[in-house]
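Same chain, two partners: chain A is paired with chain B first, then with chain C.
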Partner chain A sequence: MDKIISIYWFTVLFLITGAIVYMVAIFYGEPFDVRDAESHLLNVQIADCFSRGGYLPQVIFDGENFLINRENLLDTCKLSFVTEDFSNWNEQGQYYLEVEILDFDTKSPFELPPPIRIGNFNLRELCNLGKRFPKCESQKIYVLDKNNFPYQINILSAVRKVEKNVI
Partner chain B sequence: MLSNRGQISDTSMWVVSTIIILVIISSAILLTSLGGEIKETLGLEKSVKINFEKEVPYKSLFAFLLTKNSEGVRIFSKLSFPEGDLNDFSGKLALRIFKNFYGDTFPNIWFGVGEGYFEFRSNEYFGVGYQTQFGSIFIKLNENKWVELILEN
Partner chain C sequence: MKRGDILTENIIFIILNLVFLSILFLFVFSKMGSPAIFEEKYSKQIALIIDAAKPGMEITLDMEDAVKSKDDNFAQNLVFIDNEKNLVLVKLRERGGYYYSFFNDVNVSIVEQEHNLLKKNKLVLEITDG
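Up next is the complex of A and B:
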């Protein structure tokens, strides 16, 4: 009888231990979702790039023309959209960035450069639809040029990277 | 004659206790597997929040202070005078920038001038100023005056 009881005790012990391990694993085993932070940092980087001490820097606006465009935005703002080689990430494109320069008073892009769009455009349509969708953040900044003319810069960034941030 | 009653009650006790243990374990597993909702309720969601939220508004505030009015005087200079405060030009511009740009993220926004030791001047554009522990951006205008932008969730 004692032998049976001790076997039973061990069975219950293993059952409880297994259950606790399983529960901790499913509760805390989820990866950290850093995409909110990543899209926010992208916005901050663009804001830094477009506003130095409240003014548009020379590399963006030389006083007469906007020098920034789709081709040089990443280099000028010291960004790279290259990701680790994981689950075809580089082929799909894990980032999207949109920068729009508007006249602050009229909100018109007239005579201003067209919106700059870089990266995987499909991410824009799927913004913040749920956990397994891209995380996006938009920001607006008020900035002046050297002639003290005010502009509104609209920034939108999207990060996909679902596989490493969500189970 | 030997009786089996003692043995039966002993066995039923073990069976009942096993069932109780199994029920407790399964309900705990069920609860934890619900995961997301419980974590949200307990505030244990695994996401990374960074304290960069005010970086972008700070840039707009800088540009706002450098903006010149129709006389060619910067808002910064106007506000630095002892009697300087938000006027029709700077007050409306501040509303257009701070409320329109950041109002969705920060429902409580106040912008205005302060002086001395935490004395906030109320203004007709943002109302009564207040002291806050979090969420304020502060730029000194001179020895006694400063501008403060409060952005709170």
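Up next is the complex of A and C:
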């Protein structure tokens, strides 16, 4: 009966089992982190909104003035920053969006609208600092108005949603 | 020690090890096919699909693994979309469910969910202007 009650054997067995259970629990307990994809899609939606076939659409620029501003950006680009009320998410704000319109040649915002900033401003400073920080993506696009005047549009998007994407 | 004793010892030893390993594998496989994992996976996947969608699209998503993993006695709709709150809820069991939000302000409707999901394992989403 030496082998059956061998403390050594069962200790090893329990250690291996414990390690496997721990690894499986960690692997399957880790939430899927989709924030990179979310911030990328937010960028893509804004880029699509500001460029229709390479030109600024009428709802953004009417030929003389930029109609887009902080108040109407979400409506114009068909976005909504309402989230589930989880861990106080709605109060904090889980998204941040920054859109800057520049003269393509001079890279100057002179006579152009100021950068549009919407959402939780704090996310900008914490961009991509680590796993438990917001995920951000920035992008530059080139568009023309109907007089073929070129603009550069800088887009920065940030998604927080830490509690549902990281342990 | 007799010959018979050695045989019995070895058989008990092997059986105990097999029992131990079976419990371990059961645990691992139960974790792999757990409805909770599919609830999270599909609610996030559907939210991302909606975020990338444009009005006028019809999107079909194969949810065979989720349908297989759902509780046998759970016969309700598996996917719910709240266009007001921008939420996707995937529910594969009586007690449970996982919801995730999307930011694209479109109107999403589920086409023939019961028929498609339970018979063809397909979820069909129709995207219209919000």
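Operating definition for what follows: the second predicted complex is superposed on the first by the 145 of 167 C-alpha atoms of A that agree within 3 Å, B and C clash if a C-alpha of one lies under 4 Å from a C-alpha of the other, contacts with A are read in each partner's own complex, and residues count from 1 in each chain.
Rule of thumb we're sticking to: a contact is a pair of C-beta atoms (placed from the backbone, for glycine too) under 8 Å apart; a residue touches a chain by one contact, two chains touch by 3 or more.
This structure is a prediction, so every number in the text was calculated from the model and none was measured.
Asker: Determine, under the contact definition given at the top, whether A:P31 touches first (chain B), second (chain C), both, or neither.
Answerer: Both partners.
Asker: Is A:Y22 in contact with chain B, with chain C, with both, or with neither (first, second, both, neither)?
Answerer: In the superposition, A:Y22 contacts chain B only.
Asker: For A:L112, using the defined touch cut-off, is the partner it touches chain B, chain C, both, or neither? Pick first, second, both or neither.
Answerer: Neither: A:L112 stays clear of chain B and chain C.
Asker: With both complexes overlaid on chain A, does A:V82 touch chain B (first), chain C (second), both or neither?
Answerer: Once the two structures are laid over each other on A, A:V82 reaches chain C alone.
Asker: If we overlay the two complexes on their shared chain A, which of chain B and chain C does A:L129 touch? Say first, second, both or neither.
Answerer: neither
Asker: Between chain B (first) and chain C (second), which does A:V44 come into contact with in this model arrangement: first, second, both, or neither?
Answerer: A:V44: touches chain B and chain C.
Asker: Which of the two partners, first being chain B and second being chain C, lies in contact with A:Y8: first, second, both, or neither?
Answerer: A:Y8: touches chain B, not chain C.
Asker: Can A:K164 be said to touch chain B (first), chain C (second), both, or neither?
Answerer: second
Asker: First (chain B), second (chain C), both or neither: which does A:Y95 touch?
Answerer: Only chain C is touched by A:Y95; chain B is not.
Asker: Based on the A-chain superposition described above, do chain B and chain C contact any of the same residues on chain A, and if so which?
Answerer: In the superposed arrangement, which is not itself an observed complex, chain A uses residues 28, 31-32, 34, 37, 41, 44 for both chain B and chain C.
Asker: State the interface residues of chain A toward chain B in the complex, per the touch definition above.
Answerer: Touching chain B from chain A are residues 5, 8, 12, 15-16, 19, 22-23, 26-28, 30-34, 36-37, 40-41, 43-44, 47-48, 51, 53-55, 131, 139-144, 148, 150.
Asker: Give the list of chain A residues in touch with chain C in this complex.
Answerer: 1-4, 13, 17, 20-21, 24-25, 28, 31-32, 34, 37-38, 41-42, 44-45, 74, 78-84, 94-95, 164
Asker: Which stretch or stretches of chain C touch chain A in the complex?
Answerer: Touch residues, chain C against chain A: 9-10, 12-13, 16-17, 20, 24, 27-28, 31-32, 34, 37, 40-41, 44, 47-48, 51-52, 85-87, 99-101, 103-106, 129-130.
Asker: Under the touch definition given earlier, write down the residues of chain B that touch chain A in their complex.
Answerer: By the definition above, chain B touches chain A via 14, 18, 21-22, 25, 28-29, 32-33, 35-36, 39, 46-50, 52-53, 55-56, 59-60, 62-68, 97, 100-102.
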